[in-house]
Amino acid sequence: MGELADTIGKLKKVSTATIATCLFKKGLKNQFIQEVKPLKPGKPTMVGEAFTLRYIPAREDLNPIEVFKNPRHLQRVAVEECPKGAVLVIDSRKDARAASAGSILATRLMVRGVAGMVTDGGFRDSAEIADLDMPSYHHRPSAPTNLTLHQAIAVNEPIACGDVAVFPEDIIVGDDDGVMVIPAHLADEVANECLDITLFEAFVIQQVQNGKSIVGLYPLTDAAVQKEFEAWKGQNSKSS
Amino acid sequence: MGELADTIGKLKKVSTATIATCLFKKGLKNQFIQEVKPLKPGKPTMVGEAFTLRYIPAREDLNPIEVFKNPRHLQRVAVEECPKGAVLVIDSRKDARAASAGSILATRLMVRGVAGMVTDGGFRDSAEIADLDMPSYHHRPSAPTNLTLHQAIAVNEPIACGDVAVFPEDIIVGDDDGVMVIPAHLADEVANECLDITLFEAFVIQQVQNGKSIVGLYPLTDAAVQKEFEAWKGQNSKSS
Amino acid sequence: MGELADTIGKLKKVSTATIATCLFKKGLKNQFIQEVKPLKPGKPTMVGEAFTLRYIPAREDLNPIEVFKNPRHLQRVAVEECPKGAVLVIDSRKDARAASAGSILATRLMVRGVAGMVTDGGFRDSAEIADLDMPSYHHRPSAPTNLTLHQAIAVNEPIACGDVAVFPEDIIVGDDDGVMVIPAHLADEVANECLDITLFEAFVIQQVQNGKSIVGLYPLTDAAVQKEFEAWKGQNSKSS
Amino acid sequence: MGELADTIGKLKKVSTATIATCLFKKGLKNQFIQEVKPLKPGKPTMVGEAFTLRYIPAREDLNPIEVFKNPRHLQRVAVEECPKGAVLVIDSRKDARAASAGSILATRLMVRGVAGMVTDGGFRDSAEIADLDMPSYHHRPSAPTNLTLHQAIAVNEPIACGDVAVFPEDIIVGDDDGVMVIPAHLADEVANECLDITLFEAFVIQQVQNGKSIVGLYPLTDAAVQKEFEAWKGQNSKSS
Amino acid sequence: MGELADTIGKLKKVSTATIATCLFKKGLKNQFIQEVKPLKPGKPTMVGEAFTLRYIPAREDLNPIEVFKNPRHLQRVAVEECPKGAVLVIDSRKDARAASAGSILATRLMVRGVAGMVTDGGFRDSAEIADLDMPSYHHRPSAPTNLTLHQAIAVNEPIACGDVAVFPEDIIVGDDDGVMVIPAHLADEVANECLDITLFEAFVIQQVQNGKSIVGLYPLTDAAVQKEFEAWKGQNSKSS
Amino acid sequence: MGELADTIGKLKKVSTATIATCLFKKGLKNQFIQEVKPLKPGKPTMVGEAFTLRYIPAREDLNPIEVFKNPRHLQRVAVEECPKGAVLVIDSRKDARAASAGSILATRLMVRGVAGMVTDGGFRDSAEIADLDMPSYHHRPSAPTNLTLHQAIAVNEPIACGDVAVFPEDIIVGDDDGVMVIPAHLADEVANECLDITLFEAFVIQQVQNGKSIVGLYPLTDAAVQKEFEAWKGQNSKSS
């Protein structure tokens, strides 16, 4: 199994909250895409490399409906070229007054094996997209065609999405809390650290459910609890 | 079957996204009521003529709880006079800090055969309204009585709702993406065009699910695909 | 049964909308916490005395991850000291860009018998918190650790939450519409009045479902309907 | 001198802050038009009866540039019919992305003897309007023609302006703090009370400048200071 | 005189309001950069070709203070390469919480002969920049260094600025109302049409100041007034 | 001269922009109070220790106008107890819909020798406060009395102001860009470093005005320029 696939496999087992804390410790405090949510909560965790699409405001003369007849229209290019396993991340300037994309393009992405899609704007045909076998994240549903307010201007450049910098090949992770952006060079390190934290947090939750106070337990400062955890870990780490 | 009923029947089969694109082509780019959502997604598409209610900010001396004892209080007038089959659209100035209405009025509207209700503010008793057999759209739930911030000032005037102009008798269509406003004189034309587009999009989605690229297909610029569509249409248009 | 428990028992049967109208009549028009919603709708009504936690913006040097090792860190103090049956209300300055708390602390609160928690920011691990057997309210999910933007600075002081003043021991009531704050000295009076209104509204809804106009009925100004209600009340008040 | 002219004369001598406190005491807490400011501070206080203009969002087909050729276009009607001495108050739905009016209409209003104009949107040609011999208030300058986003739909109806209800003939008062709306029936009473408060505040400021503590002085609870004030008033009230 | 210089010369005589109306007639309704204002009003009209700089959110590890030691840091590249006579337009994602630039870079731009600068964020050292002999436009002053929130990522790409598309070489015009963006290919046509409108508006203002109604005059629909204007134009057009 | 006075003396000579960069280097990136501005630009730099006042939302029954008769009302306590030379910083929850204070209290603060005042809300009587011989900062003018929306709840606690943590005795510095908060323990170190940077920036501006490129100069990476600066510093540092 390749290294990236391995990292992705690990990240599928951890939460965006855990990743956020891990990156916080490394001095990266602004990697959570603000104000986006899953179109349908409860799907498996979305993980993949970022492939980006940048929109600027639509100028009316450049954005009649006919532009879509151009097979090289950048929105369609993005949909056809986003790599299998990647996540399409769209910079919609946090403007959900018109759609970033709709169900036909989303279906095409799904069929092509794309891991998910994220916009800091909105998607149209949101009920259909929600039901696809691919996770998607946006700010809110939006019926108007993207030409109303957005012009696709560049593919796979560094972009802003929800007040976060997204560079191509950063690792994008999404769950019900929202979407985190992990800088490419840190992804494997973060994945490993987060697996460990996730294991510890499973122990903590179990202890808390059993009536334990969080003092000394979370964070772990009590040596006796440390020992208990080591024992518990021996029994549980294989299964995670 | 009357003409309006016919138009409404067609619009029940199309999506707000399709209507938005259709109106975009006609130069109408601002007909999507911004920032409203269904209280309960997944209901049948809401379609009906607009019947409007306009609120202004409540002045304390004019809005004690006693005003509701007046049988001609305009909020209640709107609820009793909104025609069967129409949609009550409320201009709440995008202010959801107090309710636009609650479950008793909503139930009365439903019993009277009203097709749905929309506010760019919020409804109270939102769980009860969500469960009614009538679709409703708002920005977010809001417990305070409407007198807290809203005074009903006029019935069936042209209003603003969610940054869109709504004229009485415009056709209002709502689905899970939100709510579109179709100018009355365009409604039948839009309904017909949207039925056609909807048929085509069903074909496109099927093709995409089968692995077809969107290039040449959406929009349809490839002559061979055009032929396929014509054949498909022969088989499928009756059923739609 | 103690007086507070009695009041709480009554308030569990009434809605935030009813409470809002009751307080409106008493001149209190700003007791609805704005812009918060339940992590999972449909839970039983949350009722309890307010126990507060105040955050200020995090200064980086005062908020490294190590601060949590301090067993007297105020966030943890709040979680361990919030009384059984109380509601933890957090002043997060309406800033949901980082979490107010996560699932471990929420689980600890639940295990300790706390009645619920409210923040005008966001919770992380929101899917887990939603599934707890304790209601929680926030603005939106937020993965980043609270240290990113929040420093716990005081426990059980008067605070602002969602533009509402919350004093320790005020009674907090939450349902699907959101959260109301009842001043402590009014709680029993409000509970009693709301029980009466709730009974009346059940009657009204039944009448409206049977096709009755709201004029004369809601509010009740028609003497004949008044009589019907008295009769109905005789039959129904025991069961409520 | 007529009664209205007399009231207006008094109100020219008092501040919007004093009026706000006076109305607060009468239970009117929401009469300050939010988020508007003078185009040029330092002009004499603006006072006049409200004459209103209501905008709704512009629908493209109804708002080509040609509509202005209609001499009954409501924006122009408002400008030609706003009475001498009145204040034109425009409901622009707090949307300053396009202008509410420009310098030609403003100049016409000035020449016609109008006392001022207020929008909760923006004016274009703002430098020219600022230099007119008539006060104007808006949110911010905005170059686009009003047809871009606004359609004049009604003249002299009750409106919302900056989250305040404005009824025709309410008295509008503007100074550097912004704009207050006094309900018509209270105007003379408010004018008289404010003149008294203004006199008292002049005394207080003088005392404070002389080193007096505000305790006992503001509000006046110290009997000795009360006497001083009575003496001071005898000397100063004529001149005010 | 070159063609561009000629166009620029004409545009210096017209207002952004006039340009906005001219572009509105051509179907371009979104060319006004929203929410920016001059640091010092009253300067001569700013006109020049757009030279753009694009920021994305700053990631902490990529933006320590040391990055400025790199002579190819893109912010400095933009400042050194922005052509004489051009306007530097910065896409700061409407985020003024940190500065887009400060007085040293602004002074360098001025010395290099740049015509002005615009950001939809904020400038630091705003008092010094205001006093330079070069116009600048921003949302509000902001002391923090741009590295706090912004990373310069590209020079002279198409960008968004204040919700408007800005393409390199578009013509930027700024006065006290704010900033308009004229598509490059329309600039000379717009300049000529605006000169004509400006002349007409000077006539209108004069007429209005003389007591003329706007009906028939603005827009000009009265044949007699048309003649007067022709005569007036003969006398005044040379001097404009 | 005492140590604090010495630090304050130095800080009066430096800008908020310079302080922001200095704190950025130390890892403090969020010390600029967002969205406040001077009531009158161009006053000398405001410097002083923070003395804080915290507001929560006003509950109507606790905030009738009579509360001011209580000499221990906390707003008045703050005004009478804020130390000479300190800056009164008010947490108004970024809500400028009602005033944080007015000209009488401001005048009292000035007479008492207070160095300035800051609110993240608004002041009333803003023209009078602007003209005082004491700098003040707010979001925007606001006529309504503070009781409308604010209740003073605590004096000299740690607070939030404009999204920044302010601890009593932090050093507050304000100029035309806005207001910086320097943690108390860093104040003298920051003052010294900023004096040095200020001297260097004066050299840079002079060089840039003389036509020098910023490359190698700002930041200083060119050894020859380093030498020039050393020489220049010898000549200029005394006078600064």
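Note that the chains are named A, B, C, D, E and F in the order they appear, and that numbering of residues resets to 1 at the start of each chain.
As a working rule, contacts are C-beta pairs under 8 Å (C-beta built on N, C-alpha and C of every residue); 3 or more make two chains touch, one makes a residue touch a chain.
Bear in mind that the values here come from a model prediction, so they are computed numbers and not experimental data.
Remark: rotation between chain A and chain E after Cα superposition is 180° (nearest 5).
Relative to chain B, the most remote chain by averaged C-alpha coordinates is F. The distance from the centre of chain A to the centre of chain D, each centre being the mean of the chain's C-alpha atoms, comes to 50 Å.
Spacing of chain B relative to chain E, judged by their CA centroids, is 40 angstrom.
Look at where the CA atoms of chain B average out and do the same for chain C: the two points lie 32 Å apart.
One finds 37 Å separating the Cα centroids of chain B and chain D. Of all residues in chain A, those that touch two or more other chains are 29.
Shown are all chain pairs that touch, namely A-B, A-C, A-E, B-C, B-D, C-F, D-E, D-F, E-F.
Across the complex, chain E is touched by residues 27-31, 56-62, 93, 95, 151, 153-154, 157-160, 163-165, 183 of chain A. The touching residues of chain F, when paired with chain E in their complex, are 15-17, 19-21, 24-25, 29, 32, 34-35, 37, 41-42, 175-178, 180, 201, 204-205, 208-209, 211, 213-216, 218-219, 221. Looking at the complex, you find that chain F touches chain D at residues 65, 68-69, 71, 76, 79-80, 97-99, 102-105, 107-108, 111, 124-127, 140-145, 147-148.
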